[in-house]
Structures are given as C-alpha cells and as structure tokens.
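Naming follows writing order (A, B, C and D), and every chain is counted from residue 1.
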Amino acid sequence: MAGNSFGTLFRFASWGESHGPAIGCVIDGVPPRLGLTEGDIQHWLDRRRPGQSRFTTQRREPDKVRILSGVFEDLTTGTPISLLIENTDARSKDYDAIKDKFRPGHADFTYWAKYGIRDPRGGGRSSARETAVRVAAGAVARKVLAALAGNAATVRGALVQIGPHAVDPDRWDWTEVERNPFWCPDAKMAAEWERYLDAVRKAGSSTGAVIEVRAAHMPPGLGAPVFDKIDADLAKGLMSINAVKGVEVGAGFAAAALSGESNADEIRMADGRPVFQSNNAGGVLGGITTGQEIVARFAVKPTSSILAPRRTVTAGGEDTEISTTGRHDPCVGIRAVPVGEAMMACVLADHLLRHRGQCGDPPAPTTE
Amino acid sequence: MAGNSFGTLFRFASWGESHGPAIGCVIDGVPPRLGLTEGDIQHWLDRRRPGQSRFTTQRREPDKVRILSGVFEDLTTGTPISLLIENTDARSKDYDAIKDKFRPGHADFTYWAKYGIRDPRGGGRSSARETAVRVAAGAVARKVLAALAGNAATVRGALVQIGPHAVDPDRWDWTEVERNPFWCPDAKMAAEWERYLDAVRKAGSSTGAVIEVRAAHMPPGLGAPVFDKIDADLAKGLMSINAVKGVEVGAGFAAAALSGESNADEIRMADGRPVFQSNNAGGVLGGITTGQEIVARFAVKPTSSILAPRRTVTAGGEDTEISTTGRHDPCVGIRAVPVGEAMMACVLADHLLRHRGQCGDPPAPTTE
Amino acid sequence: MAGNSFGTLFRFASWGESHGPAIGCVIDGVPPRLGLTEGDIQHWLDRRRPGQSRFTTQRREPDKVRILSGVFEDLTTGTPISLLIENTDARSKDYDAIKDKFRPGHADFTYWAKYGIRDPRGGGRSSARETAVRVAAGAVARKVLAALAGNAATVRGALVQIGPHAVDPDRWDWTEVERNPFWCPDAKMAAEWERYLDAVRKAGSSTGAVIEVRAAHMPPGLGAPVFDKIDADLAKGLMSINAVKGVEVGAGFAAAALSGESNADEIRMADGRPVFQSNNAGGVLGGITTGQEIVARFAVKPTSSILAPRRTVTAGGEDTEISTTGRHDPCVGIRAVPVGEAMMACVLADHLLRHRGQCGDPPAPTTE
Amino acid sequence: MAGNSFGTLFRFASWGESHGPAIGCVIDGVPPRLGLTEGDIQHWLDRRRPGQSRFTTQRREPDKVRILSGVFEDLTTGTPISLLIENTDARSKDYDAIKDKFRPGHADFTYWAKYGIRDPRGGGRSSARETAVRVAAGAVARKVLAALAGNAATVRGALVQIGPHAVDPDRWDWTEVERNPFWCPDAKMAAEWERYLDAVRKAGSSTGAVIEVRAAHMPPGLGAPVFDKIDADLAKGLMSINAVKGVEVGAGFAAAALSGESNADEIRMADGRPVFQSNNAGGVLGGITTGQEIVARFAVKPTSSILAPRRTVTAGGEDTEISTTGRHDPCVGIRAVPVGEAMMACVLADHLLRHRGQCGDPPAPTTE
C-alpha cells in the first residue's frame, strides 16, 4: 500500500533507485506455461534504452535484464517472476553539487517533505530510470495478452506531438514509427521535429510531448464497473509515468465540445456481429471494452533539467540557483512511448485475468 | 477486486442499481471520534440532487441518506459506516421499450458482452445515479480532511467549459459558483451558457463540459511514489466518473507545448518557508503534494441519451433505431461538479491516512 | 484495509453493530447469471438463528435478509450484492448498567483502548451478531461453489467437542447432525451434551467447544503458494470468528507427535487417477488442495458473559464487579457451526475464482 | 493476489525457488529514517541458517543478504527495500531421480495439479528455503517495532514440544533458549530431546514439533475488527509457514474445556492502570491487543522426506516408491522457531502502521 505495486491479478512490485546497485520488479500472478526468456524481455527494454540518438539522454546502460525466479526451462511456472537490471553507468559524482538543492520541476522537495530524507543520486526513486522496470513488466504482460487475447492482439504507441507540433492523422503510418528516432507515425512531421528538437537541444532547453497508445484485437467485456473501469485504470497507469500531466481516452477533452449526435458511436450489424460506426469512445463504454481499438493519449511535460539557471532554495532554507549540466533528454516524452505501451499492456493483462476469474473466458476478439 | 471499491485506508464499497430498491456504500477506515450526522452528508447530496433547474434531469429523488452503522451518539466509532439512499422515483416502465436495444454511447452493449446479462432499468449499475454514493462518501472524506489537514482545508469545484464555451480565468470568482445553476465561476459566461444550453435542450441535443477541482491548504508530502502518485489516484478517481473522457493536472495537456523554462515552477524563501512562484505542477511533483493548491480538470462527454433517433442493434442481432424520450440532462457535466469534488476529497483523505500510517503526522499545511 | 472485508475475488465488506438499525454486507465479485433469491440465503440464516433451543441465546430475531442490489429477475448480474438484515429485538436497556465497565473476556477494553470510543450496546461491532452476515455471505459463496466445482460439492460442519466431552469418530453420522440442537454427528454424545449443558446453564456458567468443518468434492489445485495457502486463508477466516482461539487442519496439533512414516499420506493409482491412502493432510499440501476432503477444526472459548460476578474495572479507572443477567448462550460454540461452514465456503469460492483467473478452469473434482 | 505477498501497510513480496539463482523479497511501506544495515538482517538469518547442528539439514548456505534499494547511508528512505539472497549450494542433481514422482507429504502433486508444470529442483517454490526470506523481512519488521512500540518491545520464540515430549512450563527459562540447538526453554527437556532426536535421525525417520512465539511490551489497541483481527492475521501468517498444521492463541484448544469463570481474564487497577489477572486470552480480545504479552503456538508436521520407502505415483500415472537420501531435517520444526518469530514481527509491524494510519499514535506500551 506504499505505492510501489501495480495491478491486481497481474501485479508487479517495482523497486530501485537511479544510482543504487540495481532496479527490478517482482511480477506475481503470471499464468503458468507461457514461454518466456530473458531475450523476450530484452527486446522491449532495448527499444526504451537511452543513448540511442542525440535526442535522448546520453547515459549509456546496457539495461540487461535477468530472470531470477518463476521460469523453469523457458516456461513460466505460475510463481513470482523476479527481474533484475543492474545499474552500471551511475555517475553519482554528477549530482554532488545539487544534493542540497531542490531542482524545480523535480520531486526533490516533495520527497524531502514527505520522508524527511532523500536519496539525491540521480533523483533516487523518482528518476525516470524506474520506467525501465515498467517496460520489463510490460514485456511479460504482452505474453499474457497473446495467451488470453490471441496472437493478433497488439499494443502499440506513437509520439503524436512535440512542443506545439502535432502529427497529421491523415498521414498516420505505423511502419514509419520504427523508422525515425521519435516513434513518429508521420514522416513529414518527423523531419520537422528533428529540426525543432535540434534547436531546443542547442538552446539547452526542453519541450513537452503527447503520446498515443492503442490496443487492437482485444475482446469486448474487459474492465470492471464503477471504479476499476478499464479507462480509469489506464488513466492511473499512464498518469503514474514520470512527468505525465494529462490522460485522455478516445475523443478525450475534445468530447467536451461535441454534441450528443456527433459523439455517441452508432452501431450496425455486419457479418452477423455488432460493428461500431466510429470510435469516439476510444473502445470503452461504461469502463468496459467494446472490442474496438482502445485508444489513449497522455501529455508529458518538458524535461525539468535544463541548462538555464533556475531559482530555487536549499534544504537549509536559503535562496539559490541551479542549472543542469549532466546528461538529460531535451524531450523525455520520446522515451515515454514504450513506457506507455508497457503500462497499457499491464492494465490489459490484469483485466484479462480479472475477467476470466469473475466471468470465465472472454468473448472472442472481434476483427476490426 | 471486482471494481466497486475505491481507496486503500479510506475505502468505500459502492453498490446499487438505478432502479433497484436503494443504492449505498460501506466506508471502512474512517478515524474514530469525528463528528458525523446524516445532515452533514445530506448537505452535499442536496448539491448534486437532480431536478433543481431546467438544465438537469427532471427525475426527482429526495436522495435522503441514512447512516446504518459506524456512528454512535453523532461520533464515528472507527467501524464501517454504512450509508443507504432509497430509490423512490424509479419509473421502470420508461425503459421497457429499450431493454433489448443497445443505446449508443451507453454501457448497454459492454455490460451485456461482459456479463451475458444486464439490468436494463435506467442503465442499472452504469447509471449516473451511482454518483450520489460518491458524493455521500466524499462528505465523510471531508470530515477526515478537516481532522487531519485542518479546518482551513477546502475542496472546491467549478464548471469551466460547456460545449465550446470556456470561462475566462481572469473573471474567476468563487462566490459566483453558488449563484448560478452551473457552478460557473464566471458570471458573464454563466449567462452565455444559459442561452446556449436552452438552445441545446430545445433541440433535444446535448453537450459536453470540463470541470475543474481544487484542494487548498493541504500539507505537502501527500501521495506515494511510482504508482500511487496522488495525481495518478486522482486520475483514476476522476476518470472513473460516468462519461469522463480525460483528466489533467496543473498545466495538463498544455504542458506538452511548453519549454522547460516556462513550465518548471521556481521556488523562493518567504517568511521562512519555500514558496513556489507559479503552479504549473498543479500542486504535485513526482506524485507527491507540494503544499500548493492541487488543481485538476476533467472532461465529460455529451449526454448520450438524446431525442434524435440513433442507429443501433438489438441483443438479438438486428439493426434498429433508438431515441430517448425519458428525463435526461442536456449536459451531464453540470452535475459532475460535486462528484469530482467528492472523488478528490476521497483521494486526499486516503492519502492523509496513508501518510500518517507510513510517516506519522504530515508537515503543517502551508498558508498560500 | 480497516479489517471489515474478507476475500480477494469473492470479497465481502461487512458492517453493522449489534443494536444499530441493521447489519449487512456488500459482496463484490460474484459471477453473473447464478440463480439467487432471498430464500436461498434465508435458508442458511435460519440454521444459525438464535432462540431455537434452550441451549442458545433467547434473543429472538427473525434475521430476515433483503437483497438490495446485484440480482435481476433472480439471477446475479455480476455487480455488487448488498444484503441487509434489520435488528428488530435490540433491547439496549439491558446494557445500560454495564456501559462503563469492561466485561472480562469481551472486547470492551480493547475497542476502548484502540478507538477511545465504543458503542456499548450489546457489544457493538464486536458482538457475535455480526456472524449472521458471514452466514449470509456464505450462502452466496455456496452458489459459486456449485457453479464452479459442481453440484456435488458440499461444505458441512459438526460440533465435535463441548467442554471436555468429544464425539467418537467411529460413531460419526452426518444424518445425526440435523437431528439434535448441537449439530452433533454422534447421537450418544448428543444425549450426554444435553445433560452436561443443562447443568452448565443452571449453574449460570458456560463452556467451550470444538467445531469441525469439511468440504468435499472440491477440485485439486485450489490455493496459492507461500502466503495465501488455502489452509492459511482458512486459518484466518476461522480464527476471525468471535471467541475462536485455535484452528487446525487435517491431523493438526496431533501431527506434532507423529513420525514421518505415519503422517505423510501415501498415493496409489486407482481407476486411472492418483488416490491418497489416508488424509492426515486434511486435503491440503503446500497450501494447495489435493482433491481429497478438506478438513479443519476450530476451538471456541466459553461464553464470557456469565452469572457469576467477575472482577473488572471501569473506564474511569475504578475496581468494580460485573455479572451478566441478559440473554446469552451457555455455549457460543454451538452457533459457530454454520458460521464456520460459511467462512469455509467463502474461502473456497474465493480460491475457485482466483484459480480460474490465474490458471483457467480447475481440474475436474475427484470423486472420493 | 497470486499469494506471494504478505501484509498491508508493511507488505513484502517474496520470490524465488530453492534451486534458482537466488531468493528474495521486496518490502514496501517501511517508514523512513530507520537505521538499517545488511548486518542487522544477517543477524537474524544466521539464527535460522541450516547446517548448524546435526539436527538440521546439512545443506550449507551462507545465506548472505544484500540490500539492493530503499536504504541510503544506512537509513531507510521510505521507498521499497529489495533484499536478495543467492542460492550457492543448490545440488540439483540430487533431485533428478525424483523429478517425475510425487513425494508424499510434499506439494509436488498439488503444484502439478494447479499449474500443470513444476520446478522439481528441491521442491522449487514450495521448499522451506523460502522461509529465509520471511526471516529477512522479519528483521526489518523488528526495526519498525522498535521505532513505533519502543526498544523494550520483543518478539521471541521457543520450541515447546518435539514428538510427544513437551517442555514443562514451570521450568521455562528464556536464557536456556540460546544454549541448546533446539531453542528449548527447558534445559531438562533439551537433554531428553537430544536423545530422542538422535534415535529418530538414526532410524531415518522424522518427527513433528510445537513452537511458541511471544511478543512483549506491545501497546494495547493493535488489530482491526471482524476479519483482520490480530490473531486472525497471526493465524494466517503462522499457518502459511511450510508444514504447519495448527495455530492457537492464548489458552487455545484447551479453552474448549474451560468454564467461563476459569477462562475470562479478570481485571484490576494497579498503579493507576488496568491490569489483567491472567492471560488465557493470549493478549488478544475481540482481535485487538490488550497490552499483555501476545502468545501463540503452532504445530509443525514431521519432515516428509524420510529414508523409509513410501508408496506414491508418477506424473505419468504409474505406481512407484520413493525414499529420500538427500540432506534433510529430522525435525523441520526446529528451524521454524525464527520463522515464527519473523511472521509475528511482520504482523505486529503491519498493525502498528495500520493503527497509526487510522487512529494516530497508539497508547503507550504497558509494562507488565
């Protein structure tokens, strides 16, 4: 209940500080007899790994994951899966100068206010390094999705806005996402972002971003009434990612300006099954999936560590200034793409198991 | 784990269908020796009650709450508080015509897909009637806030957008909120909304809205790392309200377009304590409160039940049409204001107790 | 987390005081489309009801249960089931004389120490009246057992010891259990108990008891490793019943004196399946069911409310004496039989759902 | 919810198999600023370590614990504490001969029935090796006890019965417990056990045991009503230890034979506070501590791995025999003493935090 675990039936307990010996998690509730190797998890970790382009932090970690339990001869056994990732490139000396200052936009002040103590090395527990653990858990969640929702099920993400520059939905192309360093589905916009971010980076500044995540070929009926609505759990999972300030589903905030006629998705029979004629709902009605694509977006604030000196105070109560010279992302939103995917996969895995527990096998996934 | 409870230390289990004999909840974890009467709860229920203006549903329910346990001689005893509200104006016959049709925008299809059965009377469990229970729980949560954060602590909400028409922040006046049927803090915009909503209502249409909720005079240090961040729990609580499609904290989605320099709130010492110079964070850094005002907004989609005929299908698999002639809100977002406040109060009460459990008494609330 | 809920997937939140307006519970997680009427629950409540013989309290309550939600046209809908039982025979005046005294053996002192307040009417929340709610929840749990483990599945209990007088296992006859006021499976011992208890009752004294509960035709594979072992959950469920001081499974405490050869149950193939040759394990190995009968026993202390004056103190800190003249059971253990059955049914229902969630359908129940 | 976590506010997630690379746990909810070093934990692990006398398994593991997170400069930070113990002496070849056979008395059959797969190396997840993790978590729990209940608070255990031979309570001497290889508080009985166990060991047989655990100088008011009674949580915690078949509190099963007069503990004022005149309650009334010593006992079955050939079946469905030639304890109950202490410490730490969360600081511990 101290906030470091996520999920109910598919539940993982995350641990570790940015500059401690390692980070990791324990995943409890994974069904038995699923194929799982370290390589399966490493594949997704590699996508998130820093230092892959000039637009992400130059901290270089191999982020090599080890499976310490719960797998026997490459099959899950139903017992807890303990994952461990060593911290190999923790340059704690970078942080000595700032250990008594509260960095604006960071959790330095709030951890100190809450606990009366904080691990200042690289942000300690509040570092974005923690999101590597989410990606690892998400990789295991994907195994659950494949087993329970079928191999066609996918969870994918894309960056849809950097600073004020948003992609054009009409140019959306999933194959583009793997071709640029931004997971941008719009080739034209990717080129524009490259110029924009170079300028931001050279100015020692930073910028925010919006990420969209989508799950396809999921069965209808996932989610629970009232509080554990699947969109409520998604909102919690995505909002819990470092630096996220907003989450929306389907039409999202734009729905406020719609009329009832234009918002509610109509239904028609086609090939003997109900087919929704649009997807303003983002695949969720009353907190339960419709079988359509599940669509969510989340906003990431600009990196708080920037070159420009910022006014702040010390733990001792004195006014001071701080500027960041260490290795940092001009746009942390970029690396949030695989993290958002992972959280979505975890929420879906959890609700697939919960649905099976309460209701038995879910309805077959619809083909959209 | 079936989704009808909310919170950890301050936890309430909600139950009831729109047209069953009653709705209610059981609140577990309320500290002992807090003053609590039915009148204390009724006060907040009356704010939410339908039928108070021509802009909300004409269903007339006294929404009279009864305390069935957990209170002795007007003091809480530390044992579960059971609250019950009878359903007195449930006109089930209104719904006979539509019991086999899936209303677009409603949860009819998804409950049927999930459970293979649904209570069609007034939306059953997925009805907005369930939110009365949240308001009742929120009233008890406010008692916890007063006891642990002090009597100066407030949780307030206001409607900030209806359809495309948003309030002007410069005209924000909390006293206006109580003077119009919209909880609108901007008198000029309230008048405009009146004209706009009359037109929407006469057209048999509906519109969406955005609500802002704020908590003031809360101590710093509330919230937990990583997953149970206070903004993540707020996001879940607010997204779980019927018809909500988006949630944001502080600068929210607008943060995506900001630079690091303009986003991160600077800090200065004043009167011997750290004072933030702005509040783009919405009072939350790293998921833990700063002591500033906590600010969140959520978007409500337009009412799905409208006069215009909509295309849908029957449970039997036939194309059909449906139009709603019963009593409904042209803008369900209006009545979502007290519900949003209530969810915020519940999240804060929970985290005040959690903080005390793990860390002892919280730092004194700051005076802003 | 304040202790008034039980279970994970089959979870019920209990509320109510002995002399408040009502008691009840909210059961969340019941699968949809199970037949359920008030009569189904009343059947089991009637078994527990006081005042049915001279050996149980003369408080006369009809204990009439109402279903307030979660059931539509006699079928569960998958949403929370709210049950309510009114308190109709609460003679609060009986308790005025003792409201400031801590009754020895009761929770008066401890509730006061914990909460600084207590509802003294009839023991308030700590009254055995609360167990009616467990029986009601157990009745719903039995529906889950029938649906998931098959109609042959049974959960039955019997009283096996009163004071120093234990039944003879060789005379065990389940049909006897319904024929005497003690749920005694041994007709000869039932007659002896009648004489013994009459003497205890006339002396204004009381005595303890041991109850045995058994579940038959349950599938193997129920339970979870390490902490949520099915016997650990049973131990918690049974120990949580008022006045229970001990719980054992299978050979129980007697196993301490056995050798490995005599304790471990051997296995042979018979009719193509593994058959255990004895049941010292009580149907549980490593916390997971074997498919054999699950057998547990629990000890109930003698009723603490007796005629003889007892030394105690007042809340004001003065020595005093107390004797009980109200209506009480000479042996509360008798009425604990249906309560123990109910807790066993709830634990099994929970683990059936949990097993289905994590592993899918359980192995077919074995026929013993 | 898959059963590998324990506690609510002081909560640890355990992981690891007997012959995997390591075992460990993640403890969430530890208050900040408690002194904690690896040595503090190692001290208690060393007490449990196998191979310290001829009466315990000859598997030799250094059981060296590492703290991987949650501690900064020897102080807890409030974030999760990850503990890791490597498995260094895992002779997996010992188990090749039995990987397809279900060992009687072990969880081989039930894990296979539940999961359809099992890690046969040394019992996998069901091995008693897992209890090392409990001892490590218990060591951290003791830090919480010291911080919240005071340094005088103690949790101690002793072996009180081996086979049919029980200690004499009149000879109880806590200083003896550290002087013999059995944690026996009765020097005379320790000598007798030595002879008895030598005979058992030479015969290749095994025997059961009973352990008593006691917590002193705990405040009154710990525990929660109805389900999370402190004795119910203790019962779950102790019953969840490998091979435990029974748990009792205070007078326990003997209470069944007592009269109300002899069972209920009377109270008198002394030195201005209430003092109980006896402790049949074992320090718990209505599930909440009285401030007296908390006393529980649990029974451990005889080691199931013995030299004598036992009849069983194979996973393939054939009758066979099995005998154990590996390293095993003649009485696993001996090493259960520190494990029982650890579970008691964890339950108390959890309820201290829960009490503080709901009620604020607990009453001062009484001095008995």
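The rule is short, and it goes like this: contacts are C-beta pairs under 8 Å (C-beta built on N, C-alpha and C of every residue); 3 or more make two chains touch, one makes a residue touch a chain.
Here the structure is a predicted model, which means the values were calculated and not measured.
Enquirer: Taking each chain's centre as the mean of its C-alpha atoms, give the chain farthest from chain D.
Expert: The most distant chain relative to chain D turns out to be B.
Enquirer: When B-D is set beside C-D, which has more C-beta pairs in contact?
Expert: C-D
Enquirer: Where the centres are mean C-alpha positions, what is the separation of chain C from chain D, in Å?
Expert: 26
Enquirer: How far is the middle of chain B from the middle of chain D, if each middle is the mean of its Cα atoms, in Å?
Expert: Their C-alpha centroids are separated by 45 Å.
Enquirer: For chain D, write out the residues touching at least two other chains, lowest number first.
Expert: Residues 1-5, 8-9, 14, 29, 32, 78-79, 114-116, 125, 225, 354, 358-359 of chain D each touch two or more of the other chains.
Enquirer: Flag every residue of chain A that touches chain B in the complex, lowest number first.
Expert: So the residues of chain A in touch with chain B come to 1-6, 8-9, 14, 102, 104-107, 109-111, 113-116, 125-126, 130, 161-164, 200, 205-210, 220-229, 231-240, 242, 245-253, 255-261, 263-269, 272-274, 277, 280-282, 284-291, 299-306, 308, 310-313, 317-319, 333, 354-355, 357-359, 363.
Enquirer: In the complex of these two chains, what residues of chain D are touching chain A?
Expert: It is residues 1-5, 8-9, 11, 13-17, 20-26, 28-30, 32-33, 66, 68-70, 72, 75, 77-82, 84, 114-119, 124-125 of chain D that touch chain A.
Enquirer: Quick check: in the complex, which residue numbers of chain C touch chain A?
Expert: Touch list, chain C to chain A: 1, 9, 29, 31-32, 78-79, 225, 353-354, 356-360.
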